[in-house]
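What follows is a single structure, written as structure tokens, with notes after it.
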């Protein structure tokens, strides 16, 4: 667990780190906006109970913060709004990882909880400390918006990556010898199901956040929330499109397998059907009956070749007619 | 049928058991909260009619309590709220079992009905008798919530178990000789359909319980009901995800079967296509025509081997080109 | 067409039958509740026009009564509520039959129309005449409820029967030689589609009946209507579950067929692949070239057997490795 | 283009035809209801512009009338209600054809537009001129209803025809040699998709017509509109049912094809597996090695037959066990 | 980037082009309607910031204009309505291309942004400058409508083209040797998914535009917006129909492949089953046992032919019975 606190108002900004929440809360100054960040959820019992006392956080909210499998939601309490949702990021081996982020928004304070220690919020810190853009001039609600916005922007990075992989799948679907194709496809399906469960509830909850009548969210935040909602909706529709594309890939694969089997069967059938009858004929004249008049006809051997030739030509014509060759 | 009664208020708690409801109701004290529990629904006619008289329970509610196939619901009556839903538990052989639980919630009394005799509510009893947490300080509505909460927590235990089995299925789907795979998959599908019919209606009914304007549910229960609703929604979405994963497993299996058949067919075709033509050739020179000049050529045998060798090589090249080998 | 009339109030009850509606209507007494039942819809022109005059029934209602393919509905008119829905019953050969029942509910009269002559309402008649339960103390709305309730109870009998058959299907799906399996499955699907079109609209219309603000339905009927609605909803969800189970059965069957074909192909491939190469070898030494040195080697025959033995063993090892045998 | 005008009131009715709309409009009498019918939409520019002037029809309505691919709709304007929907009829070769019908309903006038020249509305004309039923006593709204009703009745004729064909498909699905089966099925699917797009929007628009608060539709038309809505809903559900049945037919066909292939493969495998080993044996004793002791054993030939007989019996037992024969 | 400005009122119209937005805005005259068009979104920073100052455009709107992957939407701000949606057009090689169009509608000005330089709006310009139709007499809202209308009319051109291609697919689905069929089908599916994501959100947003209570849209525009909505709804339903047709095509293809494989297998099985037994027989009499009495019977050879003939006839009768030939 790492703790940090940032304070700012239009005229200035500062940042501190501390080992315990008690120490951290001592740095709070009056006036301006305060941002408390908790990085990592292990051993954060002290931090949570202090926050709970100081800001009147409901015990059920604390439970939700610790349950990292929680469904994304926005919930209004008397003195704060609680927001929990997911971060999607690629790890060092380019595998996609999902992590929970929770926000407690009060009139003048934003408290954030991250599941792990990544520096995901660094750019926002720099915007505050460096006074970039409008962030220092706005309230705590805008800070919460900025955090959500940076997380949701990350969704599109992950989705673009998935889009590229799905195009790869379309190529692999037609190949023959790709043994890992089906399990990879299945993994991708599961990942999309996971992302779907991240994105759709968030869409729904952002929509209810827009409609909430709360003094904690200023009216001038409306277009920003609408924009956030647009982004999540875009992500949600992209997930659905990817799901359909993926099921299309499986159909292409099935079709490719069927067509391959069909052509394998045709080769077998053509070869068998040409040779089985003439092999029978040569078998006939390999019999050892003492009375087989043909055997002694001088041109019988050549006539036999002729008959077999006619049969072969007939078969080939038949296959041509059937458009097998 | 087993009957027990618990009475408690912030200052104390007691528990009694009895053979008949009449005896049990005699133990009631004035003031505080009363919890009457009926374990097992056989021979409970007397108990139900006594309760009906004492608490004004509608005959249709009694019917619903006895119909253990009832759809989960929450229903408001003049003097009480009736809640019926399902317990999901693993039995001793780790098979999942489903059992009905019904709750009648009045201003100062909670009456619960369990289909069988399991000690499922023991932890709640201990919290009351041992004064753990806030339960003794809250009303009958909180007791009903605590009971529902403990049942719904059990859903996640069952769902985790199912999740593990689905991952097993994904491995079994690729194996060849697992004859019980398809029936097991079908059983799992049926189980998920059953759980779906437990969870979705409960979600819907909890949502209407939240919106109910009733003096029986105190306003300070709102965040607890919201939390309960969140949990059931989480369970419901997990069921949907599992259903999709399961149908993905069947697709993987179908694909594995197709690919296996394809490779079986290829082996057959390769062997047949290589040997059928050369078997024809050796048949030709097994014929017994008296006039077959080749038979007497001194190197004819070696030439024949050469021709057959060329045919075999040609076939192998052809299969390499087609990427069959 | 058979006509009967029943009159009752809390103090007594009587029943009459007649050949014409005119005669029947003559039996009406003032006070109490009247139940007129029309059994069979052939030649009921006179009956309908008399009823229309007497009770102010709209011509479109009469049309709906006669159109036995009508979608279930509940419709409010100025002086009556018109209810039309379906009876599901098993006939003498245990085949399921569907029949239309229509109800006209006025303040003090219930008129029922049955498509055929079955004694389906006999138990209700007995309850009225024998003064069983609360029926004699309640109004015409309760009588209409009782009739609907008895019909809807019949749905569960039919659905239980279907459930048993679906379990049979799961066994038949794995069998090989059951030629009637697919058509039987298709018949079951059609039956479920029919029942679905009976149950879902009824659910919807019962829901609107509950919300109707009409003096024809007393407030104390509310819990009974809610119970009816619960039952129909239960039936509707059971139909959906059965539909999913049935489509699962087809998947099981498809999978069984594929697996069987796979194993057939394997047997063919194993036998062919083992014997085709060694058959070629024996063919080689069946050739009649004059110059074939091997033929005269003294142990050539035994060496040939040895070579063939090695090939067979090699093939078997190969198949073992591929896990085909 | 053919133009006709009908005028009527409870006391009388008349009909005229004319070459131009100007001439036709001259026939209008004051009082009573006027019905102007335009048959065929070619060269109707003059007619439309006259109607537009006379009745205040919006230019966008004129466009909709001429766009014969328009989605069914009911639209309210200041002075009229515009209704456009489709006629489904079987042509002389029993193929189903779809044609657009548009209605402009004003307080005392109904203007109808038909895409072609069929005598579809003749029965309504006869009811007006012959004073059959209530039509002469009702307003222009009832005339519009009567026209819609006669069109919608035609839907059921078409749907019954389709129902019969689907039952045929179920038989054809099991047959082997029906080459036209799949394209016919595909045509039927397309037809159902077309009818769906006719029926569902009409359902929706009739529902909004019922809710419209307009002086153009009298309150006593309510039960008639409700009946119309019921009919369209019935048609819509029938279309959905047929779509499900049709997709069931394809499944039956797939299953029949699979089962046939399975039985073809079994025949091949049984014959091959029985004869390939014994053909090898006879091949062995066809070899020409000089040292083959068996060849000279006196009973070797019979022993060979015996061995082959045992192998064949063994194979047959094996297939019996596997239930292939 | 190309900039142009058009000004008009009922009495006159003019048009100018300029290199910078500052220059362009200098041309504005007071009174009448102004249409500013920005062609191409590269290097348009200056233009956007000028517009933003002049018309009070929100920074988030500017972002949306530049994000060419934006979901279609209609958004109301204090002083303007922002509309963004897509143009569907066929490029020079008849491939379909999608391009973003954005509109800012103020009381007297319409600002349009096109992703590329195509002359798509030329017809509207001509209608303004040439005073064709009602456009010069209407407000800025009608101009915005006219632009949307011309874009949406283009959807139907694209959809007609797709409809023709789908009919081609149905033919190609039955052919055997069309290797590009499956990838082409997959491309078409992706295109339809793209168009779906263009059309459905537009439908939804046009519906909310109709309901918006804004002084920027005059009441007399209502029927035009309704007509626009109708068109988009028609397009949306066409997309859904095409998606169903396309999935039908894949089913037809699958069925065609299965049937072909079936017939290939039958040929193989018929030939094999006829020749394998008689090839065995000739093998028997090719054995070299010294004691084989049949070999010396004078008519044995002819009897053998007879037996083989009977077997062949028997097989043919068997296949006829099974309806394989």
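Think of it as A, B, C, D and E in the order they're written, each chain with its own count starting at 1.
Note that a residue touches a chain if its C-beta (ideal position, glycine included) is under 8 Å from a C-beta of that chain, and two chains touch if they have at least 3 such contacts.
This one's a predicted model, so the numbers in the text were calculated from it and none came from an experiment.
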{"item": "Interface composition of copies chain B and chain C: same or different, split at half", "value": "different"}
{"item": "Chain A and chain E: spacing of chain centres that average the CA atoms, whole Å", "value": "25"}
{"item": "Centre distance in Å when chain A and chain D are each reduced to the mean of their C-alpha atoms", "value": "41"}
{"item": "Chain C, residues touching no fewer than two other chains", "value": "254, 258, 261, 265, 268, 272, 276, 279, 283, 286-288, 292"}
{"item": "Touch-based graph of the chains, sorted into line, ring, star, complete or other", "value": "ring"}
{"item": "Circular arrangement of chains, read from chain A onward through chain B", "value": "A, B, C, D, E"}
{"item": "Touching residues (chain side chain A, partner chain E) in the complex", "value": "170, 174, 223-224, 226-227, 230, 233-234, 237, 241, 244-245, 248, 251-252, 254-256, 258-259, 261-262, 265-266, 268-269, 272-273, 276-277, 279-280, 283-284, 286-292, 323-324"}
{"item": "Of chain B, residues touching chain C in the complex", "value": "58, 60, 63-64, 69-71, 73, 75, 77, 176-177, 182-183, 186, 189-190, 193, 197, 250, 253-254, 257-258, 260-261, 264-265, 267-268, 271-272, 275-276, 278-279, 282-283, 285-288, 292, 294-301, 304"}
